[in-house]
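Input: structures, listed below.
The same chain A turns up in both complexes below, where it pairs with chain B and then with chain C.
This part shows the complex of A and B:
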């Protein structure tokens, strides 16, 4: 018990690092995903780049992407700190998943609405923001939480490049105290708590934001 | 320079193929074990035992709510703390199986739900027994119905399996780390390793698409 108290503050710190890295990456990824989907709609020919990006990111493990960015990019002169490389790779990674989520959200709005709006002379930009976006976002909102959870879970991999987040910290505590059970049990419980909370928050937010749809 | 690159590729090639085979082998075992476990979880979740239902809820939530890497570390180091040494390969296969079982149980229940109720009634009229009904009536149909989703789960297993490299299994990821420490060419090696993963997942994804189309044509 005393032993647990001795590393609990360190653990709490690591929890904040995990949360900080994942949320920063998820926020950038969300923006990137939104931009990718918007570009796919607005720019003819961008669909090809979009598909290529999604294919590359979703077809390879996050660890391989992280290795390319953290160990590979210095070869061409781009040296990033472990935390920077982690946030960048996680953002690029989650960006592809967010983009796909937005794509399906936009596809959920019947195309007839877009045609009707265009026939009435409403510009494409306004159709995007005022016709498609409100409905698509109501579709996407409840699902955004899943992507944030995915990002939190994937952030564990950044321990391999020594980001002092939860998994790395648990490993370090294990190697100094030689007790395996407690730190690793605490580790999985922390993640479980984190992802369950995000799921609960997302559910509550989703219900609040789409209240108008249920009458 | 070009020649240089091709001679380096000749060095990478056999090692990466070997690593890819380990990855595939491990994922196949994890996937198959996970399928059996997934069926059991589904049965338990729809069984009469309240404790069983509660257990499956916790199980699915836990394995879907925590990182594969953390699960792997717990599974690898916990037994050794209790004085039980398990080989890394076994720990990795079991960890992958436990993890994918949570996802597969969800996929499978949608398959089970899609089977017409009359079939089950007919089977019980013929006194087929629960086991025979499961193996000969339900599972073949569930497999066919869910094969596209199961293949996309296999793709996820392959991607998530890259973390087993931390417990020194010489999978595709570990082999590329070894090549990097030999050649000091991280960018090139990791990109080629990424291409290997991309090849594996893309072939499976095409296969999944074909299966889906074939299944839709039949029905």
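This part shows the complex of A and C:
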């Protein structure tokens, strides 16, 4: 028990780092994904850039992307701290997945609804915000929540480049105390706590947004 | 009837690749006229209707709405020749449309559905739009449902909301694409009644329909299509009673066999 108390503060700190890195990355990734989808709809020819980006990001491991950004960018003179590099790569990585979620959410709104709006003089921009977005967001919300959870879990990879987050911290405690069970149990419990909170928030928001669609 | 036609199609055609789904389509609609398009499935009726408001980009001929050419400014008819969306919106502004699948917006209440084209399309103040929306809803007998969401309504009620939405913008011409085809048989009549009352008020309409007796009753002119072309057209009395072409006789046969004699036949 005393041993637990000795590293608990460090653990709590690591939890905040994981939370901070993954939420910052998820927020930027969400924004990026939304922008990519909007640009795909609004700008003719952007669909090609969009597909290339998604193809590239989804076709390579996150670990490799992190390495390129952390070890590769300094070659062109851009040196990032471990935390910054982690947030950036995790944002670029999740952004591709978020973009695909937004794309499928927009595709879920029947095209006839868009036609009905267009023939009654509602501009494309307004169709996007007033007809498609409210329904697409309600559709996307559980999927987005799921992707945020995946982002939190993927942030464990950043321990490789010495970000003092949960996985890295648990490993260090194990190597200094030689006790395995408690630190790793705590590690799993911490992730589970984070992901369950996100799931609960997404569920609550989703129910609010779809109340009237259920008839 | 020598006034300027509200809507005129001249030699309009449409192809999907090598498949020519509409060809040489000519139609002129005067204010107050009601025209029905009939014909077997895949005959191009809906395509013709959708070319009238540029939901389909026609690639031959001309569509004129109230003296303005729709969709193109020059003689080219390729994708690259089309007008800007803003210009298309401006030209087709006098038209509104009722859809087979209603196409209501499920996240908006019934009243918001009817208000949206006014507020979001015509940028009308909300209070004024609300008044017009409530008038239109009362016109289709749905004032009591104004605050409900579409998912709560029956198919027939949803289509009446669709009609109210198309009515509230005060169109000069209404396009109706098989307005009763997605409805259970018992719900068809309530929608037809609303359309009939619009006809009585002098609304100009072009309608694609499979309801032969209804088309016979309300139309000034009926156009029979097959394989992307007009086969026969004319006043409903002669057209239904004495079809000239063998193809139309064949098409109408099941209707007469079911003894659904159009009222026009009885009265004329």
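To be clear about the criterion, the second predicted complex is superposed on the first by the 214 of 215 C-alpha atoms of A that agree within 3 Å, B and C clash if a C-alpha of one lies under 4 Å from a C-alpha of the other, contacts with A are read in each partner's own complex, and residues count from 1 in each chain.
Definition applied: contacts are C-beta pairs under 8 Å (C-beta built on N, C-alpha and C of every residue); 3 or more make two chains touch, one makes a residue touch a chain.
Just so it is clear, the structure is predicted and the values come from calculations on it, not from any experiment.
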Following the overlay on chain A, give me a clash-or-fit verdict for chain B and chain C.
-> fit
Answer with first, second, both or neither: which of chain B and chain C does A:115 touch in the superposed model?
-> second
Between chain B (first) and chain C (second), which, if any, makes contact with A:124: first, second, both or neither?
-> second
Can A:71 be said to touch chain B (first), chain C (second), both, or neither?
-> first
Have a look at where A:187 lands relative to chain B and chain C in the superposition and call it first, second, both or neither.
-> first
Angle at chain A, chain B to chain C, CA centres, as a multiple of 10°?
-> 100
Would you check which partner chain A:138 touches, where first means chain B only, second means chain C only, and both and neither mean what they say?
-> second
Would you sort A:205 into first (chain B), second (chain C), both or neither based on which partner it touches?
-> neither
Check the contacts made with chain A and report whether chain B or chain C touches more of its residues.
-> B
Distance floor for C-alpha atoms, chain B against chain C, superposed on A, in Å, equals 24
Which chain A residues contact chain B in one complex and chain C in the other?
-> none
Chain A residues touching chain B - in the complex, by the definition given at the top = 55-56, 58-65, 67-68, 71-76, 149, 152-157, 159-160, 166-167, 170-171, 174, 179-181, 184-185, 187-188, 191-192, 195-196, 199
Residue positions on chain A within touch of chain C in the complex are 110, 112-113, 115-124, 126, 130-131, 134-135, 138, 212-215
Partner chain A, residues of chain B touching it in the complex | 61-62, 65-71, 73-74, 77-78, 80-81, 155, 158-163, 165-166, 173, 176-177, 180, 185-188, 190-191, 193-194, 197-198, 201-202, 205
Touching chain A in the complex: which residues of chain C?
-> 53, 55, 85-86, 89, 92-93, 95-97, 99, 101, 103-107, 109, 116-117, 120-122, 149, 151-152, 165-166, 169
